[in-house]
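One chain, chain A, links the two complexes that follow: it is found with chain B in the first and with chain C in the second.
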Partner chain A sequence: MTARLAPWRNELLLLGLILVAAVWASLSSPFYLNAGQITYSLQQSIAIVGLLALGLMPVMVIGEIDISLPAIMALGNIAFARLSQGGVGLAPALLVVLAMTTAAGLVNGWLVVAFGLPSLAVTLGAMGAYRALALLLGGQEGYADFPDSYLGLGSGSIGPLPASLLLLLAAFVLFGFVLHATVFGRLLYTVGSNSTAARMSGIPVGRVKISAFALAGLTAGLAALVYIGQYQSARADNASDMLLFIVTAVVLGGVDIFGGSGNVVGLLLSLLLLGTLKNGMGLANLSGPVQTLVIGLVLIFAVLAAQFRTWRGSLPGWLGGG
Partner chain B sequence: MEIEDRDDRIAGLTARLADGRITRRHWLRAMLALGVSLPAMAELLRQTGVPVGRAAAGEPLHVFNVPKFTGFFFFEQARDGGAKACAELGARQTYVGTTTADVEGQVQVLQNILPQHPDCIVTAALDLNAPVPALRQARRHGAVVVTFDADVAPAGRDLFTNMAPFDIQAKAMLDCALANAPEGGKSIWVAPTPTVANFISQKKAIDEQIATNPKYKSIVFIDTLYANDDPDKSYAVGSSAMQAHPDLKLFISGSGISVPAINKAIEDTHRIGKVFATGFGIPSTMKTYLEHGTCKQYALWSPYKFGYLATYMAILLKSGRVKHEVGTQVDVPTIGHRDIGPGFIINLSQMLFFTKGHDDFPTAIPAVV
Partner chain C sequence: MSAEAGTAPRPVPTPRRAPRIPATLLQNRVLGVAAFLVLLSLAFAATAPHFAQLENATTIALNASTLVVLAAAETVVVVTRNYDLSVGSTAALAAYLGLDIVRHLPPLGPVLVIVPILIGLACGVVNGAIVAYGRVPSVIATLGTMSVFRGLAFLYANGHQIDVKDLPGWVASTSAAHVLGLPVLIVIALLVVAAGSVLLRYLPLGRQIYAVGSNPAAAEFYGLRAPRIIFRAYVLCGGLTGIAAFMLAAQASWIVPYLAQGMELSALAAVVIGGVSVLGGSGTVAGAAVGALTLATIDNGLVLLGASEFVREFVQGAAIVAAVIVDALIQHRIRDLVRGLRRRRTA
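Now for the complex of A and B:
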C-alpha cells in the first residue's frame, strides 16, 4: 500500500468489506442482487440510524458521547404526534420539533460542560428523562393517524430514489462540509484531540462542546420525521434497541472513541457495510441470534481495528509498522 | 514542461489527500461528481424496481412465520404447529425473528421477507401500527397476512387468529383467579406494554365480566402494571407491588412470562398462600409453582394448535380454497368447525386449565367457561 493511500486505510478496508459482504449476500440469496431491493432495504435499515449516527459523530469527535439520541428522537416522534393531532401543518410542526430536540441536546451539552460531568452518565440519565417526558407528553398509547404531508419524507420517493436516503446523503454532504471544511469543524477536532491545549489556545471549549451536543439533538429531530414516515406510528418507547447499531456504525466508521479523529466518508461506508450485512442476513433468513452475534462481532472487530491503527507504530515493518 | 506541471499538480493533490484532510475543493468536486451520477443511478433504479412479486405457479407456497421474538417456547410451539399445517397442505415454512421484543427489528424482518416472494406471512406483532406499512405492501403484492396472538391494525392483515373470544379468555383468567383465591380481593393486572392489542382487549373483557357477572364481583382491580414480557422486570414489578399493597391478593396477567416470574417473587418473599399470580402461563415454567402450591390453577391454550390454525387458514386463503369473507365456515383437522367472525377474526377456542397433577398439555383439563 502506498504512503499516499495510507491515511485512507480504514476507508479502503471498509470498501473491501462491503464488496465481500455484497458478494456473500448475492451468493446466499437469489433475491439480493437487485438495485431496487438494495435501495429499499438500505432505506429501511440505515436512513434513521444513519441520521442518528451522523448526529453522534461530532459529539464523539470532541471526545464525548450521547446515548440519549434515540430517546430524543422518540420525544420528537411524540411531539409530531401531538402536533398532528392538533392539526398543525408540517412546516410549523417541523420547526417546533427541531427546536425541542435541539434544546434537548443543548441541555445535555450544558450539563456536561457546566458541571464537568462524564457525558456517559449525563446522557444515561437524560435518556431516562426524555423517555419519561415522551411518555408524559404522549401517554402510553401509540399514535398512528398522521396526515400524508408528515409521512412524505420517510415513505416517499423523488423519482425512484427514496426521499429518506436522499436526505441522508444531503446530511452527509452538509456534515462533511461542516466537519472537514469549516473552522467550527476544525475546532471540534482540536477540542477532541486535546481539550486542555485547546483551552490554553483560547478556544471556547465549553461553547464548542455544547454546540456539538445541540447539533446532535437537531439531527435527532430530523430523524424523528423520517421515523414517523417509515413506521407511520409514534410511541414513547420507539427506538429502544437502536443504540447498539448506532454506536457500532460510528466506531466502525473509524471515529476514535477518545475523540479527535474520524471522517464522514468512513461513517457512510460503515453504514453501507452494516446495511449490506443486515440485508444479506435477512434475505438468507438467518436466525435472530446469529444476526445479533454477527453485528456484535463486527463491533468487536471495529474496536480491535481501531486499537491496531493507533498501536501500529510499534509493530515490525513486515506487519505494517514503520 | 507540461509533463512537469502535471506531475506537480498531481503531487500536490495527492499530498493534500495524503495528510488525510479533505479540503473544500475536493469536497466540492466530489459533490459535483455525485450530483452528476445521481440521475444515472435514478435511471438504473427505474428500470429494476423492487422485486416483490408472486412465486412461480406450481411451486409450493412459501409461508413465513414471524414471532414476537425467538427462543421462547410458546412461539416455537406455534412454529411447529405451522410446520405441521404446511406439511399437510403442501407448503413450506421459514421461521425468522429477532431475539428480543424489538419493534423496529421485527419490521425489518418483515421488510427482508418482501423481496422473497412470500405467499403467506403468519405473525404475532409487537406493535399495533409499526408493521402495517410493510404488511400492506406484502398484501398489495399478493401475500396473505394472518396475525395470531397479537393483532395489527386491520389494514395490515387478512385475518386475525384469536385464542378465544376475549370474553372467554377473560372468564378463564377470572376462574383461575377464583380457583386460587376463592374469596377474591384486591388485584393487579400485569401487561407487557400499553399498546399490545390483545392485552387491551383482554382487560376490557375482564372489566366487563366483573361488572356484569356476580360470580366475579369479589375481584377488585387497584392498578395496572407493565412488565414488557420480561422475567426480571416482572419479578421486580411484582415484588414492589406486594410491598406497596400489603393486602394485595391477586396478580392476573395474560403474559406467560410475567405469571411465573411473579410466582417466583411470591415464593421468595414468603407470601405463598397469601398472594397469588395467575392468568396465562406455560407448563415448563409453571410446573414447580403448581407443585409447591404457590399457584393452584392457570390457563392456556395449545400454542401448537394456535400456530397450526393460523398457518392452516393462511394457506387456505392464499390458495383460494376458502373465501376471504366474514361468515365463511371452515373445518380444521384436530380443532373442529370454526368460522370467520366480524372484523375477520377466527377463534381457536380451546382453553385449557392446568392444575397440580394436570400440569402439561396431554393432561390439562379442557376449560368449560
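Now for the complex of A and C:
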C-alpha cells in the first residue's frame, strides 16, 4: 500500500497540510466552518490566480517562467473595458481578448526561442510593456460600467457553487487531459526534462515552447473575464501583486522548477492550501503585507524542500544524507 | 587540458587569446549606450524647455544617484548569471529598521551609516544562502525574499512611519550637503561605481564572479567554488543595497515600509540597458551606471515634455526588451567570431 502511494507523497502531504490549515482556521475564528463562507472565500482567493497558475504550469514544465502573466491579464481587463464601452457583445469581445492575450504570450515565447534569451529577462521587459500598453489603452481611471453579461462568469453562481470556481475546475480537467493524456502534453514534459535530447530526437522544441507561452496567454485572457466579473471594474494596474501567489502555487504544487515534472492534481491541492491559508489569515485579521510575507515564506520553504532531495547526497549522514 | 587534470586547482584563469575581439566589442557596447544617452540628451535639449541647463543636469544626476548604487548592486549578481528581485524590499527593510535603530543608538554621527549597510548585508546573506547553497533558482528565491523582507519591514513598522526630523541631523543634511562642489549623494554614487569597477576588474573576487558567470562548469573545473562565489556576490549586493537604502532615507521626509517599491525592476532595467548580459559573465558597473543615468534622463525629459507616466513605463519596458535582444544578438555574434577564429587556427 505504501509503495503504491509513494509517487503521490507530495499530494498526500498537501492534503494533510490543507486539513491542518482548515483546523487552524476553524480554531482561530468561529466564522470559518461554514460551507457558504468557504466557497465564497475560495472564490475570492483562488478563482483568478488559479487560472493564472494553471497557465503558468506548462511554461514551468518546459523549464521557463513567465512573470508577465498578471500584466497580460490586466491588458485583457482593459480590453474588455474598451470593448464594453464600444457596445460589443460578450462573445465577440471574449474572442478579441483571448486572441490578444494569446498573442501577448506568443510574443514572449517567440522572443525566448528566437533569441535564446532567459525567459525572466524577456518577460520582465514584456511585463512593463504590457502594463504600459494597458495604461495607454485605458488611462489611469478605472472603468466600472460593465453590462451584466460580462459579469456573469466572475460573480454568478450555478446552483450552490460560484461559476468561477466551476470554470476553474473545468479548466483543471481540460489541462489535466492536455498535459497528461495528449501528445502535446507529453512533448512539454520531454522538452522540460531535457531539451537537447528532445531536439536530437526530432521534436520541434521551439514550437513546443512557444505553444506553452501562448497557452499561458490564453489562460490569462480567460482569467481577465473572471477578474472583471469578480471586481466589476478594470484598471491598468490590476493584479500587480498576484505574481508571488501564482509562482508559489505552481512550485508548492510540485512542478519542478527546472522543468520536466509536476501534475495538475498537485497544483489544485496547493491552490486549495494557499486559499485556506489566506482565508484563515484574513479571518485572523492579519494585514496584507503580513499575509504576503507568509506566502513568501511558504514559497521559500517549498523550493528548499523540493531541492532537499537533490542535495541530500552532499549532507552528512546524521542530517539524512548519504 | 588532460595535462592539467592531475595538478592542484589553479587560481583564476586568465584568458588571453580568444576573448580579445569580444572584449573590444563589449567595451564598444558601453560606448554605444553612452552615445545613445548623448543623442537622447540632444533630442530632449532641442524639444524640452529647461532641459539643457546645468541645474537640470544636477537634478538628473541626483535622481539617478540612488538608482546607480542599486544598479551596481544588481550588476554584481547578474554577472554571476543570477538575479536579485529583492533589492527594493531589502532597501526598505534596511532603511526602516536601520534608521529606527540609529534613532535609539547614542549619537555617534555618520559612522552609524554602517547600521543599514549591515542589515543589507544580512539580507544578502539570506539570499545568497538560499540561491548558492540551497541551489534554488534565483528568480524564485528572491521573489520569495522580496515579499519576506517587505513584510518584515511592515511588521516592524506596525503602522508607524519615521519622521526624518526625528533622526540625527546628519541623516537629513546628507541630501543637501556638498563635497568639492558636488552633492554628497552624487559623490557616494561615484565612489560606489569606482569601488565596484575596481573590485570587479582587478580583485580576485571580481574575476571569480566573471568566471562563474561566463561558464559555471569551467569555473568549477578550474577549482573555483561557484556556490561560495555566488554567495559572496549576493552579500556584496546586499551591502550596496544598504548604502542605497541610506541614500533613499536621506532624500525622503518620511521613511515608510513601502519605500523603494518596484525599484528592483528599475535596477534590472538599468543593468540590462547598461549592457550587462542577462546570460551572465559580462558587463560592468560603469555600464549599469550609464543605464541608470539613461533611465533618469528619459524620466526627466518626458516630465519636462509633459508626457504621462505611462509613456515613461512603456519606454522602460520596451527599453529592457530592446536591450535584451541587442544583448542576445551580440552574444551570438561573439560566439560566431570565436568559432571562426578557432576554425582558422585549426585549419
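Throughout what follows, the second predicted complex is superposed on the first by the 303 of 322 C-alpha atoms of A that agree within 3 Å, B and C clash if a C-alpha of one lies under 4 Å from a C-alpha of the other, contacts with A are read in each partner's own complex, and residues count from 1 in each chain.
We take it that a residue touches a chain if its C-beta (ideal position, glycine included) is under 8 Å from a C-beta of that chain, and two chains touch if they have at least 3 such contacts.
This one's a predicted model, so the numbers in the text were calculated from it and none came from an experiment.
In the superposed model, A:141 makes contact with chain B only, not with chain C. By the touch criterion defined above, A:295 lies against chain C but remains apart from chain B after alignment on the C-alpha atoms of chain A. In the superposition on chain A, contact of A:101 is made with neither chain B nor chain C.
Of the two partner chains placed by superposition, only chain B is touched by A:278; chain C is not.
Of the two partner chains placed by superposition, chain B and chain C are both touched by A:287. Once the two complexes are laid over each other on the shared chain, residue contacts for A:132 go to chain C alone; chain B is not touched.
In the overlay built on the shared chain, the residue A:159 is in contact with chain B alone; chain C does not reach it.
After overlaying the two complexes on the shared chain, residue contacts for A:121 are found with chain C alone; chain B is out of touch. Residue contacts after overlaying the shared chain place A:77 against neither chain B nor chain C.
According to the touch criterion, the shared surface of chain A, contacted by chain B in one complex and chain C in the other, consists of residues 140, 287, 289, 292. Chain contact summary for the complex, chain C toward chain A: residues 83, 130, 134-137, 139-141, 143-148, 150-152, 154-155, 257, 265, 268-269, 272, 278-279, 308-311, 313-321, 323-325, 327-329, 332.
Interface residues of chain B, counted against chain A in their complex, comprise 14-15, 17-24, 27, 31, 34, 38, 41-42, 44-46, 48-51, 69-71, 94, 96-100, 102-105, 107-109, 111-117, 127-130, 132-133, 153, 193-195, 226. Here chain A touches chain B in the complex through residues 3-4, 6-8, 29, 31, 34-37, 39-41, 44-45, 140-142, 144, 155, 159-161, 169, 173, 176-177, 180-181, 230-233, 235, 237-242, 263, 265, 278-279, 282-283, 285-289, 291-292, going by the rule given at the top. Taken together, the chain A residues at the contact with chain C in this complex read 65, 67, 111, 115-118, 120-122, 124-133, 135-136, 140, 236, 243-244, 247-248, 251, 257-258, 287, 289-290, 292-297, 299-300, 303-304, 307, 310-311.
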